[in-house]
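Here subunit A shows up in two complexes: once beside subunit B, once beside subunit C.
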Partner chain A sequence: MSPSAREKLLVYILLAVVLMLFMTPIYLIIVSSLKPAPDMFSRPPAFIFTPTLQHYYDLFTMRPFHLQIMNSLIVAFGSTAFSLFFGTLAAYAISRIRNRWTNQIAFWILSMRMFPPIAVVVPYYIIFQTLGILDTPLALIIVYSTFNIPLTVWLMKGFFDDLPEALEEAAQIDGHGVLATFYYVTLPLTAPGLAVAAVFCFIFSWNEFLFALMLTGSNAQTVTVAVMSFWSSDAVQWGRIMAGSFVILIPGVIFVLTCQRWLVKGLTMGSVKG
Partner chain B sequence: MTAGAGSSYIIEGPAMRHQVSRNRRIAVFFLLPAVVMLFVTTIYPMLYAGWLSFRNYDLAKPFIPRIYVGTANYAEVLTSQPFFHALVTTFKLMAMTLSVQLVLGVGMALLVIQKLPGMALARTLLLIPMMISPVIVGLVWLFLYFPELGYLNYFIGLVGFEPVPWITSTKWALTAIAIADIWQWTPFIMMGTAAALQSLPAEPFEAARIDGNSRLDVFLHVTLPQLKPVLISLLFLRAIDAFKIYDIIFVLTKGGPADSTEVISLYIYRQSFTFWRMGVGAAASFVSLVIIVVLITLFFRSMQRSQSAQAR
Partner chain C sequence: MSSVILRNVVKRYGQVEVVHGIDLDVDEGEFVVLLGPSGCGKTTTLRMVAGLEDISGGEMQIAGRVVNDVAPKDREIAMVFQNYALYPHMTVRRNMEFALKPQHLAADKVAERIAEASRILGLEPLLERKPSQLSGGQRQRVAMGRAMVRTPKVFLFDEPLSNLDAKLRTQVRLEIAKLHKRLGTTVLYVTHDQIEAMTLADKIVIMKDGHIEQVGSPEEVFARPRNLFVATFIGTPAMNLLPATVGGTASAPVLDADGIQLPAPAALAGKLEHGRKVTIGIRPFDIAIADDDRTGTTHAATIEVVEYLGTEVLINFRLGEHELIAQLPASSRPATGQEALHIAVDASKLHLFDTRTGLAIEP
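Up next, the complex of A and B:
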């Protein structure tokens, strides 16, 4: 049943309204980051203006934003590597040993991701202070991994479940052990899953704010906390806030544009098949 | 599976013995590291929070001994007006965001599954808000709501309405936060619903249409019942997230004006870091953990139901 011309028109009108509502804030971030300060709140809004890179220049010269980007990258890559290692191994075990125990463990792991961060921020603060790793990237790598390991486990479990076990059995008959089979047969075949899990872990860590705010100071400050700090200074630096926001939203946007079909699986924890 | 008496292996034969020892090896080498890791990094802090919740502890004065106060912190949390108010505010916000996200999200899903030129791109663009850091979402909405300067009131004025004191009045602040959350997470319901819609078989719809039912009838009586398990799972995921909401409120209102947007997370934050009463904060954390465990359990049940519904 193909829609009539009138229906098509209606669909496009509705779509235009929806797109306008949902894209305006993103448009504002980009445009405001390029607007000269006097035009920032001009009435009517200045749709045509002379774009300036001043805010981006300020962002990197008046504040060590590149150091904060560095911190965010270290934390995000560190936590991603950590979570992929532990998470993939656990996912394999849960996928291959199917009994009541592994099922229980799988749900326990998933529930770890869903606990409210604010509830554990004080204990983390005290523990890290005792260990002397407060305000270091390591502290955030550990904390983010508690969220990223469960995500990796559930994503990779789905990929391992879909892999025919006959492939592994063939390798085992050839005399390879469990670890060798996993490393040489299973992992290469589930490489797309690893990539998806890695990107999710990375973006979660990159975007996180609450733990970064509480557990870092000047030394290990990440980009989200840095951008928020432009707000708390005496005059609100909207240009720099928007320039920083644009830098922060780049990884997420690239992810959506390149591999949106994995979003369903990753964000619904497998409760909806993409 | 208990790996008990070795004699049972003989009865089950060598193949089974091989399977059991292989499983045990996988369990030890593969599962144990993650379990130990998660246990140390999540259960230990929670136990610590539990320990704190029975004590009087001021983080700003670390050398004062942490005195055992029994259940006093819990008594205060459970009987105090501010905690109850925070709980009500949390669920109010949850009700506002979930209801709008459900209706709008399903509507948008029906829109973006139309096979028309340009639809794939539109659908992709609509997913972007979900991947934006909640702090950035808060900041851009702050830009829009900003008193005197924000563009939202300018456009509302153009249409002929009075300016709205979005984040400065107790009447509107919670709505302002709900709008920002709705903007970010409606695409989530849209995405999940669209994926589920496309995996539904086409025949029942065509049959129902040929029988002369209106489009609305088909949607209400054929589509919606089939979508129900998935929608319930999606809503529970949103509910769990809504219960934890922190970043957007921290940026927009910090719980104010006059506690009107103080949800559970903000209450815990204020007790712990404004009043430095870590014990009370920890007790409130534990009460909120109990509530989230209930939500998570309900989600797991709905998830198993929706998975078996999709497997059919």
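Up next, the complex of A and C:
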């Protein structure tokens, strides 16, 4: 049944409302990052103003923002790669080895995800200080992976469970070992799942604030903490915060767009028989 | 030399035993079909030969080597799966190349094998397509091609035609027969379709509940079924069965099926003690229509349903208390409205089974 003109209109109106809800903060970020300070909170709001890149200039000259971006990238890509590698292998084992212990292990892994972050910050701080890796990207990669691995395991387990076992059996009979079968048959066919897992892991690691604030100092500070450092008890430098926020948005968007081809397939796979 | 040997092979899942110590010898180059109803253990047996299921007891040999603990990849076998199991992300050519990869052949040798298999199976125009772009019959041929390029010691087929429509099934069945004739490789083939078994097999292994009921050529299992299960499982329409008691004299025993008297086959006379309970088996095509009752050896029957099939006709009729079916040439079709007829059965064509054990009574 095709929708009538009125139904179509309703759908578009609803879409417009949702889109506005999501896009307004982004619009405010972009506009505010380009506004000169006096126009920032003028009433009525200044819709027409002379745009300036001063806030962006300040961002990179007053702070080592490029280094902080690098820290964030190292941590986000590091944790994503680490989580995908170990999470995928664990998920494959849990999916294929069937006994009463594997289910227990799977739930135990999931329970890691349910820890309130604030409860584990102090133990992590003590552990990393003892190991001498406090204020290094490695510390954040480890912490983020404890949250990303359970996500990857559960997501990929679903994809592995859905893959017809006959395909792997065919590869075995064709003379391939377990690793070759996994690499050449299983993994390419679950690539959409990997893309979804990668996006979630990356975005979590890129956006995370609490651990980054508590476990890093000047060396390994990430962008989320760096941006908030423009907020002090003396003054809130809105322009720089907005410019920083906009810069932070960019890598996530690029990453999601890169994975988009797989993402749509991955998020809907299994929902329709075929 | 035997190509595949099973000695007292058992399969258990936990406490449940599904294959109960079967023995089987498959000779080199032989086409052996495992036939049986769902859940009879035929696919489990095939998967044990493939190494996809461990065996719980007994011994299994392929090409003279005990393979109980040998991984599937080292068994030198090829298998065609029920759902084809083609790698969906690879083209037809890549599917075949991937199957050859573990053999570490030179590139020109690989190309040669693929070209040979493609030519035999008519896959040349499809080589650059992905499985999703192929029809069911084409996928089936690719699956066979992938198995063929490996030049295995044994081909395993797991109900390869069950996903095809009736017309295509006949066509692919013929292709499999031709392929076997051409390659001469040992084949172990699982099916629940007796027509496939009868047309393809050199030897049929009929299974039920994890036991082998009979092993023999298609002619043997059809003409001399060893027990009631085989007798009724093989043949369409199924064999008619009549419970009866042996009567008459020791030299000329008569079978009494609730008042219907049939002479016993002369060859079995010595085995039929007076009063023995037997089951008479009559193949539908062994029943003839008699003109009338003049000879005294025919029986009056009431027609229930007549099914016209073009070249032949199936007549469902009632004989005393029993409902039987006769298969006759279409020219013998009873007139519309006809309700009664006389049937005649040749005593030498009767099959007799011991009612208690279900085993055939043989001379």
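Please note the rule applied: the second predicted complex is superposed on the first by the 224 of 274 C-alpha atoms of A that agree within 3 Å, B and C clash if a C-alpha of one lies under 4 Å from a C-alpha of the other, contacts with A are read in each partner's own complex, and residues count from 1 in each chain.
The rule we apply is simple: contacts are C-beta pairs under 8 Å (C-beta built on N, C-alpha and C of every residue); 3 or more make two chains touch, one makes a residue touch a chain.
The shown structure was predicted, so the numbers you read here are calculated from the model rather than taken from an experiment.
Participant: Which partner, subunit B or subunit C, touches the larger number of subunit A residues?
Facilitator: B
Participant: Should A:F128 be classified as contacting the first partner (subunit B), the second (subunit C), both, or neither?
Facilitator: neither
Participant: Could you tell me if A:F65 is touching subunit B, subunit C, both of them or neither one (first, second, both, neither)?
Facilitator: A:F65: touches no partner chain.
Participant: So, A:F211: does it touch subunit B (first), subunit C (second), both, or neither?
Facilitator: Touch partners of A:F211: none, neither subunit B nor subunit C.
Participant: Please work out whether A:V227 is in contact with subunit B alone, subunit C alone, both, or neither, and reply first, second, both or neither.
Facilitator: After superposition on chain A, A:V227 lies in contact with subunit B alone.
Participant: A:Y56 contacts which: subunit B (first), subunit C (second), both, neither?
Facilitator: Neither: A:Y56 stays clear of subunit B and subunit C.
Participant: Which holds for A:F160: it touches subunit B only (first), subunit C only (second), both, or neither?
Facilitator: Neither subunit B nor subunit C is touched by A:F160.
Participant: Using the superposition on chain A described above, determine whether A:Y144 touches subunit B (first), subunit C (second), both, or neither.
Facilitator: Neither: A:Y144 stays clear of subunit B and subunit C.
Participant: If we overlay the two complexes on their shared chain A, which of subunit B and subunit C does A:V185 touch? Say first, second, both or neither.
Facilitator: second
Participant: Could you pull out which subunit B residues touch subunit A in their complex?
Facilitator: Result: residues 1, 22-23, 25-27, 29-31, 33-35, 37-38, 41-42, 44-46, 48-49, 52, 59, 108, 111-112, 114, 116, 119, 122-137, 139-144, 146, 149-151, 154, 183, 186-188, 191-192, 195-196, 199, 206, 209, 230, 233-234, 237, 240, 243-244, 246-247, 250-251, 264-265, 268-269, 272, 278, 281-282, 285-286, 288-289, 292-293, 295-296, 299-300, 302-303, 306-307, 310 of subunit B touch subunit A.
Participant: Can you tell me which positions in subunit A touch subunit C when the two form their complex?
Facilitator: Touching subunit C: residues 164, 166-167, 169-177, 180, 184-185, 188-189 of subunit A.
Participant: If you look only at subunit A, which of its residues touch subunit B in the complex?
Facilitator: Those in contact with subunit B are residues 1, 3, 8, 11-12, 14-15, 18-19, 21-23, 25-26, 28-29, 32, 41, 43-45, 86-87, 89-90, 92-94, 96-97, 99, 101-102, 105, 107, 109-112, 114-127, 142-143, 145-146, 149-150, 153, 178-179, 182, 203, 206-210, 224, 227-228, 231, 238, 241-242, 245, 248-249, 252-253, 255-257, 260, 263-264, 267-274.
Participant: Give every residue of subunit C touching subunit A within the complex, in rising order.
Facilitator: Contacts found on subunit C: 50-52, 71-75, 77-79, 81-83, 85-89, 98-99, 101-103, 146, 150.
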